[in-house]
Amino acid sequence: MRDQKPTGYSEPPVTPARVASHGITPEEYQKIIEILGREPNYTELGVFSVMWSEHCSYKSSRPYLKLLPTEGPHVLQGPGENAGVVDIGEGLAVVFKMESHNHPSFIEPYQGAATGVGGILRDIFTMGARPVASLNSLRFGSIDHPRTRYLVAGVVAGIGGYGNCVGVPTVGGEVYFDECYNSNILVNAFTLGITKKKRIFTGTAKGVDNPVIYVGSKTGRDGIHGATMASESFSEEKEQRRPTVQVGDPFTEKLLMEACLELMEHDYLVGIQDMGAAGLTSSSTEMAERGGAGIELDLSQVPLREEGMTPYEILLSESQERMLLVARKGTEDDVKRIFDKWDLDAVVIGRVTDDRQFRALFHGTEVARIPVSALTQEAPVYQRPASPPANLDEWQRLDVSTVAEPKDLGAALKRLIGSPNVASKQWIYRQYDQYVRSSTVIASGSDAAVIRVKGTEKGLALTVDGNSRYCFLDPYVGGVLAVAEAARNLACVGARPVGLTDCLNFGSPENPEVMWQFAQVIHGMRDACVALQVPVVSGNVSFYNETDGVPIYPTPTVAMVGLLSKVERVVTPWFKSAGDLVVLLGRTREEIGGSEYLKVIHGMVKGTPPWIDLKLERAVQNCCLEAIEKGILRSAHDISDGGLAVALAECCVSGPDNPLGVRIDSHEMIRGDALLFSESQARILVSLEDEKLPELREIASEYHVPMEVIGRVSEGRFVVEPLLELPVEELRSIWASGLSDRLK
Amino acid sequence: MRWGVIVFPGSCDEQDVYDCLKQEMGQRVKFLWHKDELAGHFDCLVLPGGFSYGDYLRCGAMARFSPIMRGVIKFAGQGGLVLGICNGFQILCEAGLLPGSLVRNIGLQFVCQPVWLRVEETDTPFTCETKKGQLLKLPVKHGEGCYYADPSTLERLRKNRQILLRYVDAKGKPTADANPNGSLDNIAGICNESRNVFGLMPHPEDACHKLLVSEDGLKIFSSITAACAKTEQLHA
Amino acid sequence: MRVKIFVSLKSGVLDPQGKAIERSLHSLGYIEVQDVRAGKYLELNVEASSRAAVEARIREMCDKLLANPVIEDYQFEIQGD
Amino acid sequence: MRVKIFVSLKSGVLDPQGKAIERSLHSLGYIEVQDVRAGKYLELNVEASSRAAVEARIREMCDKLLANPVIEDYQFEIQGD
């Protein structure tokens, strides 16, 4: 078939050089020839290159992802679909997923981040759910790096510009600055949607001769080979020959979302999927694979934005705001009518077949014919070599006695809460619409965001966490702690976890040390998920996050969703009134290894991250949850980056009203800087009225949770006897302006 | 009374307005599609917030030409109550139903936060249930909310007491810090001369429940229902 | 014919974007730059019999939609014929 | 000297704004309009000895700050001398 060419265009020959430039190894090329029983043509080569890319095939990660627990009594859809689905009762389900858009965001921060949000939104509404809340997890280089301000401004504006315009509130997220991201930032976008349990759609193509319908924006030459780009490391010269960046059109996305959700009210649909990475190619083949069918596309029917596009370009284009539908035969006009109402294209571009082949025609000529399974299940899988980093022992070695305790601990606290990773993130979340949908009970600024589920008494809590410094120093523990902190953040607002999604951002899988870190993180996450009983319902892997051979810290970001059976019982982290008792659930140990304190004050990234006892972690969380459900607590705040002192300061200054003071007198017998700044896990800081104390003691002892009354909420001054005393107003202004001043 | 909530392509807050009126206030509400002509009897039309036509070119510039706007302009001309929230306010300005214009925030960034507002005039259907000088806490969320009008227009607004809401601090002072977008004279909301068309940047529909930012938004909507009840009595 | 339309803010209206650009230009060392004003630039093709006809239509489009007389002025150039 | 700078999206790059403006012009009856592209328009004054000097500086400013080379092209006009 390779000699018959449609008129009007000709394909370059497939040479070893072209095979290589498509990121296909000689071995993989041999496999392609075996599968086809012939050499592929140029178009087919392109199709293989994207479908067999790391991004689409998960060829390095699949063996490990299998380890994660994905089942649970309420899980309706685990990994494998466009997003995970969990039952929340009353006939409702939540649909959520997180996606990375790292490399595009480094090349063009505004559009890269914006289209990242667009992509994750489509993953959610393609399942039949209306998106109701988004989060974002960001990693930038050092705040002093010349490019950082430009990247932060662009990424944040892009996330807001897109999310705000489609009317989905961005209610939370996280951001960290570290040199390891200087030339490879991370942008992970999360969206959650709500749907009726009975109305969940999947990306499935079945039923011979059912029409394949293209809806949304026209196809241009955008981001061709985005999928393979996401599967290569950066290097300066690659940044020069920049790939065509995709520009997002949130207005069209909004129309597309409304049109699809309206369409889903009828029963015209067999399956639906968004055209994400590898565009038309991956959406059509994945749908055919799930339906055990074949698919035939007539590329000359695809709505085009540019002149003279070749089949290769049409199949690989990553133009945004496009969806692929399979409808029941005979409903074509009904489908068209709905998209018409929203001024969107809806064009039949093919049909479902039963020959299990992916076939593409162009002006009557077949330009590609590949067995569907060859592009999906039969994609290569690699058991990559893995070995611990050569310098791991060196990194982990820390003799605390050599760490001089600062003479002025008050000054140390001030520096810490003014540092970019700890200071208020308001400069960022102020640019996001947090209130649209009038459901936001707790917006950004708390441990977890909370939205109400209209028409019920329920609430949903959302958080995203991941400390990559911990993962760098001990990837297993780092994986455990990412899951543990997310669950703890939910417990602090009174929500019980129902599931999580993650983005696993790592360096090159071809680097054995990176592969080892990856495996360790997965094992850590697995053990934490099992212990805390949180299923993983969706996720995303982003490899090749490195520049000129230097990988980023291993960075798993964990987004967890929790349920509040009665949303009005929700608790916020800040102190409520002077006189309340301040109680510490859990115990503080001398653990400054890998802490924010060690990095900011002593400029060291060393030691081992805090030790964690998952049984105790679970007990502390359950204790906090029961106390909240019994209405005993006035505030609850998780102790994480910066330790007890930072958590206390946040409780004093992060509230909507005037800051409160606190007076602490702890009996913990450890050195002062450790007491203040060590990041011991399984700790929650709560405040309550005196008369509630006995009840709290009861609950704590029932769960065998150590608790200590460490002080009282006061006014004006921030006091930790005998270590430091500061005016709380001073702390507030340092905390409030710490980040914004650096970004001006 | 009967409410109509107009849905433009790119509207985002129409459902919030609908839920607030129906769930919190038990009102009769109908969505009105922008491509349709305005038909049926309504006491108040709401142009909700969002990004009509993506806010491309200028906020509200294209929505103003939607078929339904002919009816809205006629309705307003006959004294019908029209409420424009955020993007709705921008559309009303573009359509000439309200004077002035809303331009890019002075800080150049989208701004989302709760703000304090001071009620400046109470002799309108939109504020009749509030007290002069009363403070309301509502969220703003916009990138182009900086109110501008030429000096003579501004003078007219003051003279006719058309400025209904100003951005103020927690103590009720219209300071520069309390102004989230650089609006002239801290203007957050204005009405037309005949006082039946009201546009404001803050979002009352997102402050209508004890679990949300505040319940102060209800005061705007209940003012409208009270005003309509009065006029109905007059006619009866 | 190809038409280029420039929409800029009226002199009275403050232009924070222009100011911000001016500031960053200065901080990059381009201190010789003054009075930066930011506006919109539109390019479009029109089918039309005569230049005069185009001019009239474009003026209409600007008055009606492309510029807001309350805050903006516009100019345009017509190329080719 | 007075400089006018026009920044527009590279051809091939999606221009949602231009697309929307074209739609809305058509619905207003201006069906003769095609290929609307939206961009930025900057006006500024520069102190400089010679036209050539200005040109070099302006090109620098555009490359560094005013245009985003990934998706945008720019042109400029210098007036007076």
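The chains carry the letters A, B, C and D, assigned in the order they are written, with residues numbered from 1 in each.
Just so it is clear, a residue touches a chain if its C-beta (ideal position, glycine included) is under 8 Å from a C-beta of that chain, and two chains touch if they have at least 3 such contacts.
Source: prediction; values computed, not measured.
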Next item on the list: Give me the chains shared as neighbours by subunit B and subunit D.
Entry: A, C
Notebook entry, point to check: If you average the Cα atoms of subunit A and of subunit C to get two centres, how far apart are those centres in Å?
Noted result: 41
Check: CA centre of subunit A versus CA centre of subunit B: separation in Å?
Finding: 36
Notebook entry, point to check: Between subunit B and subunit C, what is the gap in Å from one C-alpha centre to the other?
Noted result: 30
Check: Of all residues in subunit A, which are in touch with two or more distinct other chains?
Finding: 249, 251-252, 343
Item checked: Per-residue multi-chain contacts in subunit D, two or more chains -> 16, 20-21, 24, 28, 38
Next item on the list: Can you tell me which residues of subunit B touch two or more of the remaining chains?
Entry: 53-54, 56-57, 62, 65
Checklist line | Touch relationships between chains, expressed as pairs | finding: A-B, A-D, B-C, B-D, C-D
Notebook entry, point to check: In their complex, what parts of subunit C are in touch with subunit D?
Noted result: 4, 6-8, 18, 21-22, 24-25, 28, 30, 32-48, 57, 60-61, 64-66
Checklist line | subunit A-facing residues of subunit D, complex | finding: 9, 12-16, 19-20, 23, 68, 70-71
Margin query: Under the stated contact criterion, what part of subunit B meets subunit C in this complex?
Written below: 57-58, 61-62, 65, 93-94, 100-101, 103-108, 148-150, 182
Next item on the list: Under the touch definition given earlier, write down the residues of subunit B that touch subunit A in their complex.
Entry: 9-13, 15-16, 19-20, 23, 35, 49-51, 53-56, 109-114, 139, 141, 143, 203, 205-206, 208-213
Check: In their shared complex, at which residues does subunit A touch subunit B?
Finding: 157, 160-161, 164-167, 249-252, 254-255, 341-343, 429-438, 440-441, 452, 454, 567-568, 570, 656
